[in-house]
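Both of the next two complexes hold subunit A, though its partner changes from subunit B to subunit C.
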Partner chain A sequence: MKDNLLHNLWRVVPVLMAVGVTTALLIVVGASPGVTYSALWQGSFGDYDRTFSTLAFWVPLLLCAVGLLVTFTTGLWNIGVEGQMIMGAIGASAVALEVAAAYPDIPGWVIVPLEIVVAMIAGTMWAALAAILKTRGGVHEIFGGVALNNLAIIATNYLISGPWQPPEGGSFRGTVPFPRHALLPLLGNTRFSPLSLVLALIALLLVVLALRGTSWGLKLKALGKNMRSAFLLGVSSERGAITAMMLCGALAGLAGAVRVLSWFDSLRQSISGGIGFLAILIVLLAGMRPLGVLVISLIFSGLLTGGAVVQLRTQLHSAISGIIQGTLVLFVLLFGDPHRVFRRPQPTVEAEAET
Partner chain B sequence: MRVELRDIRKYFGDVRANDGISLTFEPGRIYGLLGENGAGKSTLMKILSGYQAPTSGTILLDGQPVVFSSPSDALHCGIGMLYQDPLDFPPMQVIENHLLAHDDRLVLDRGGGSRELEQYASGFGFELDPRVYVDTMTLGERQQMELLRLLALGANVLILDEPTTGISAEQKEMLFNTIRRLAHEEQKTIIFVSHKLEEVQELCDEVAVLRHGKLVGTQSIPCPTSTLVRMMFGEELPRSTHKLHAAAPTVLTVENVTIRTYRLTVEGINLELHEGEALGLAGLEGSGQRLLLQACAGLQPIHSGRILLCGEPLIGKRSPLFWTPWLAWAFLAIRTIWLIVRLLNGQIGGLQMAGGMAWALLIAGAIWLVSTVLIAWTSQSAYHVFRQRGGAYVPAGRLEEGLIADLSLTEHMALVSPESSFVINWQRARDEISRRIQRYNVVGRAETKAAELSGGNQQRAMLALLPPSLRLLLLEHPTRGLDVTSTNHIWELFEERLQQGTAIMFISADLDELLERSDRIAVFSGGRLLRILNAAETSVEELGHLIGGQQL
Partner chain C sequence: MNEAQLVGILASIMAQSAPLILAVIGETITERAGVINLSLDGTMLIGAMAGFVVAYKVSGSLEAVGIAGDTIPVLVGFAVAALIGALAALLIAWGSIRLKQDQVAIGFVLTLLLADLANFLGQNYTRIPGPRVTHLPIPYLSDIPFIGPLLFRHDLFIYLTIITVGIVWWWLFQTQPGLQMRGVGERPEAAFVRGVKVNRTRYLYAALGGALVGIAGAGYSLDIKLGWSDNHILGIGWIALAIVIFGGWRPVRGALGAILYGITKAVAQILQSTFPEVPVVLFNSLQWLLMLGVLLLVGSEGIKRLIDISPRWLQGPLAHALRVAPPKSLGRAFIEE
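And then the complex of A and B:
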């Protein structure tokens, strides 16, 4: 029990270490840590607008991370989550540009769900492709994912500079803004859609319940922990891999839709903003604990949105939030596991019973 | 170099792999280390070669106690081990392999090294071309290369672990001559680990025999084979008699089956297994019995022949939707023709043609993807078909293949319950596993994780997870690591299944278990089914001889 308390308290230690290193760095470059941190806070949660901005960034990040909880549970490295999100964004944009703009009479409550469904299907298909490449083609999901990410980026660039190029010319690096009724219902003048946050939280809840209490979730868990044993106990590894990837793809597709339909109002070149990769990092840092994913993704969103204000108030570059993030990751990876920190080093030679 | 092992012990949990072994190896002599699988030979040699540390005990080299922290440490002291699977780098050249760990300068002297290596090799009558890539060489040649490398690094004590597995007769002859020369002319100490009686008798000066982790004794060669057999397998025990089940319906038929792997070809196997019959598969490890057992579970693809389970061939279930990817091709073909016709008629231009083709490819791709996912969804592997038809397979690796280390027993139960609904009924799974834990005497609770169980309890847990009624039960070493009482208890439970008409086929390295528990015993050697014996009419000695590769 005492051990458990110690271990739980320990989780704060890497965070404090990261803050310490960043503070030292700020002092070295001659900036005031107090001003910088307060600017960071002001920029992320200082007022309503900032807070909603952080939340708007948080939602797609959380959706991707929730999807990745499923694939990591299955033991799959779904690097392709980035591409799946981009495909979702493309799918939602397709509906917004080809349907909503062409038939302005269709009301928003038809268009928006349609956009979301198409986005999820697009993400699912992109993930299914990576899964099929793995199970039938023997292509590791990391390599397949990286290739498909690039294809998705190329597809975006093609669409922006080709069929969906705005009439005034190509310098804009994005499509024309979607009609207002094709966007998610936004809160006031912010880019935050409460509906998307509700969807993300429902997704998190459903995924947690599915992984804990359904036979499907148990099978994924078994596959992730020992594929060979799970197979011999009667679990189909192919079915598990495909369903896990497809669910993650669906959630990433939804994240893509949220990006184009609330954060932006059009399909942009930088549509993903690296959210997919960031989500992978978050899930690993959280040790695949749902609560950890929730908290860490919110912290990271705050850091990223707060960085801009830091640059405005102090002369520091907004990369300061990147530095905090980087040191945080480093220290969590180095000292985050109390079991590893407190246990005596084990001999490295593997002791295996003679067979 | 004189090697002395004093009271070496190595425990893995409650398994005593080495239990107080003391041995002395003098220079200039060839020692055989004999014992059946699991007797503790490999563990002892891994300890001597620095791969593993002993739980207790001392190693003395020329009277000086030494402690090795790694194999390279042991090699520095002059102890080199030639592993059964050569530890080389197949994508590299012979000379590169040779210079590795040998020449640690920044710029390698490939020319000098090559000349040295060739000279050295020809001294032993080996023909090694330094420029050849290792992955094109035979196992025997790789072994020669490895041997030369060890000698060049100054090995005075050579441990050879089953060196004759997988090499040609000529290479074996050459190897033996080399070993003799190294021992008798260059005064090296040779330890030859084997379970092949013939080879040991041909080559060695003295033999040490291990059984169940203990030293049975040493014996100078030549001596009668029967002496060695008795030392290896122990004295004969009284055993129960089984009735034969030839009249009962057939459960499993193996017809002319050939299995090919890169190591071993198992050829022309014919077998029949009847309801309520127990068939033991005997043989040294790697003789083909495990491949056959796995083929019968649908885990090992067979090259030719067929395996019938209850009269039906054991193959994976092809998806009823196997034809759907052709829809994608058909769509693509029709669309292409249609576009070409329109192009030729002048209805569309070249640009529209290209655009149309791009769309056609995209749609065909989507059709292909959806159909492939559906096929993956609806097809079933041969092993899962095997399970569905009432077969079960219990592998030897408990935490590697049988159980999932991080899952609790309840979770295992929920995983294997065939009637499990989408939402798991944890209470029911807990009740069921608790019942089975009691029935199988597992020391553990429903919440215990598989990794927290001891080896024997993991074994019992694996058996407890089997469905209650089965047609065919395939077992790998079902009682390895269990004490006598547990073994008897497990076999009582198997006996109940036999009474219910389940057919059992099992692999065991324990000759007493084979003779005592089976109706018939199929003896394997070098990938061939030597003979099927009636267990009641066979003695331990006969079986030992047959397993050792000696025809009676």
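And then the complex of A and C:
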């Protein structure tokens, strides 16, 4: 009982360590921690506009994290989630630019679902590629993912500066804005689409139910825990890995659609915003706890949108958000489990032999 | 293209590849001892930032007291980068050995964190000129035709990189401690019963390898891609990690892999200027497609089939030359009991 209380108290320690390190860092570079943290708060949840920005950034982050719940359950490191999201953004943009702009008579309630479906297919295919490279080609998903991420970025740059270049040319930053009816329905003047949040929450619910309550989820878990026992149960490791990756890719593709159809209104160079990598950190921090994923992704989204304001107000690099997130995850990974931290060193054979 | 031009290009490829070679060698050492340092990309970035900024600062304060010259600042810069690289690798080793946590997870978090740290701490030092490694052709040797300009008209960083490849090869395959270290990566239980201190060995080589990776990062900012800017060399660490696999965890083959990568990049650049009508995107994609292709070749049954269809007298040497197998205990913690 007392042990449990201590363990719950211990959970705060890695968080305090992360805050301590970040604060020390700010002091070292001559910045005021108070001013920085308050700018971070102001920039994330300080007023209605900022809060809705944070929510708009939260949705794709949550979608990627939900997808990663599936791949991490299966024991896969889907670093390619970033590229899968970018391919989704490209897929949605293709519909918006090639269909919606060319046939303005097609109503939004046809265009938007079509964009979402194409985005999810694009993300799924990109994930399937990484999965097949792993199962058939022996390319570890981390390296396949890194290469596919970079190829997706290069594809975006090519489209922006080539086929989809705005007629005025000049700018390499993005395509022309999509027609209004090709965007997700937005809340007032914000970039936040309540519909996208509903979709993300449904995705979270379905994934958690599928992982916990179905034999499919059980098989994936068996795969993640131990390939051999899964093999003995007759679970095909290849099929499991590919379906898990594809499901994650579909959700990442949806996240990409949300990025171009709400946060932006066009395909941009900075389309990923590091969301995929951040989602990996979130799942590493939250573990397999759905509520944890929900809350941590919201906090991380706030940190990131707040970072931009910190840069604006204090001239500090916006990487400060990443540093807070990174130290937090690192310390929780390292010191989160008190059993491992305070394990008394076992007397080794070596030590005994020496005495 | 005449011969002088060709030699010039080859020499420049040699120089450009040096930091990558060093990073590959460093990671090879670490992984041979059984530790995966996945933080390479971030470690190299912060090594580049720290190496340059420290050298810049030291140079400034030395000039204030009337000492000119880049030698001392550059040396201090490399030393700090080495220290940071060693600490990052030690953190991963410690997390795995002492805290029994996943090396891949810690390495991945570190690579993102260190990249952010590098951009954050280096933001006031972007795009400014600073000290650099001085050019140092070796007398007499540099006059040898072909070999001279190729190998002996560079600077100390590049000479030391080449020497490091040789030393590491000799250490790994020709010495007793090298044998023990490989044993620790392959079969730690067996090494342990023979009296090798497994975890101490892992800490040692993780730190050594990490130091080389840090130095490699500084090699960019102080020699090959001078100065610092946001995400100065982002992505190169992942390339290095892939080359370690391509090199089959062997130093000489890893170094050749890094040079091969440099040659491909140079060829792509030449082709790009020769055929401007081909979209740049193709050339940009090349290094990542190459990475996938090479890993496919190594990972799939491709090599095995290649050996099977080759003439019998060639099969033995070919199998030896192309064999790739990761150290068997790579990434697994070892409990001494």
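FYI, the second predicted complex is superposed on the first by the 319 of 355 C-alpha atoms of A that agree within 3 Å, B and C clash if a C-alpha of one lies under 4 Å from a C-alpha of the other, contacts with A are read in each partner's own complex, and residues count from 1 in each chain.
Throughout what follows, a residue touches a chain if its C-beta (ideal position, glycine included) is under 8 Å from a C-beta of that chain, and two chains touch if they have at least 3 such contacts.
All values derive from a computational prediction rather than experimental measurement.
A.B. asks: Would subunit B and subunit C fit next to each other on subunit A once aligned, or clash?
C.D. replies: clash
A.B. asks: Touching A:136, do we find subunit B (first), subunit C (second), both, or neither?
C.D. replies: both
A.B. asks: Considering only touches as defined above, state whether A:281 meets subunit B (first), subunit C (second), both or neither.
C.D. replies: It touches subunit C, and subunit B stays clear.
A.B. asks: May I ask you to decide whether A:226 touches subunit B, subunit C, both, or neither, giving the answer as first, second, both or neither?
C.D. replies: In the superposed model, A:226 contacts subunit B only, not subunit C.
A.B. asks: By the touch definition at the top of the document, which applies to A:157: first (subunit B), second (subunit C), both, or neither?
C.D. replies: The second partner, subunit C, only.
A.B. asks: Considering only touches as defined above, state whether A:144 meets subunit B (first), subunit C (second), both or neither.
C.D. replies: second
A.B. asks: After superposition on the shared chain, which partner residues are touched by A:236: those of subunit B (first), subunit C (second), both, or neither?
C.D. replies: A:236: touches subunit B, not subunit C.
A.B. asks: Which partner, subunit B or subunit C, touches the larger number of subunit A residues?
C.D. replies: Touching more residues of subunit A than the other partner does is C.
A.B. asks: If I apply the document's touch criterion, which positions on subunit A are contacted by subunit B in one structure and by subunit C in the other?
C.D. replies: 136, 349
A.B. asks: Show me the residue ranges of subunit A that touch subunit C in the complex, using the header's touch definition.
C.D. replies: 25, 29, 77, 79, 133, 136-140, 142-144, 146-148, 150-151, 154-155, 157-158, 162, 277, 280-281, 284, 316-317, 319-320, 322-323, 326-327, 329-330, 333-335, 337, 340-341, 346, 348-350
A.B. asks: Touching residues of subunit B toward subunit A in the complex: what are they?
C.D. replies: Those residues of subunit B that touch subunit A are 12-13, 15, 17, 37-38, 40-43, 51-53, 70, 366, 369-370, 372-373, 376-377, 380-381, 383-384, 387, 393, 395-397, 399-407, 411-412, 414-416, 420-424, 426, 455, 465.
A.B. asks: For subunit C, which residues are in contact with subunit A within the complex?
C.D. replies: Interface residues on subunit C, with respect to subunit A: 38, 95, 99-102, 104-106, 108-110, 112-113, 115-117, 119-121, 123, 197, 235, 238, 241-242, 245, 279, 281, 284-285, 288-289, 291-292, 295-296, 298-300, 336-337.
A.B. asks: Okay, in this complex, where on subunit A does subunit B touch?
C.D. replies: Within the complex, subunit A touches subunit B at residues 125, 128-129, 131-132, 135-136, 213-216, 218-219, 221-222, 225-226, 228-236, 238-239, 242, 246, 347, 349, 351-355.
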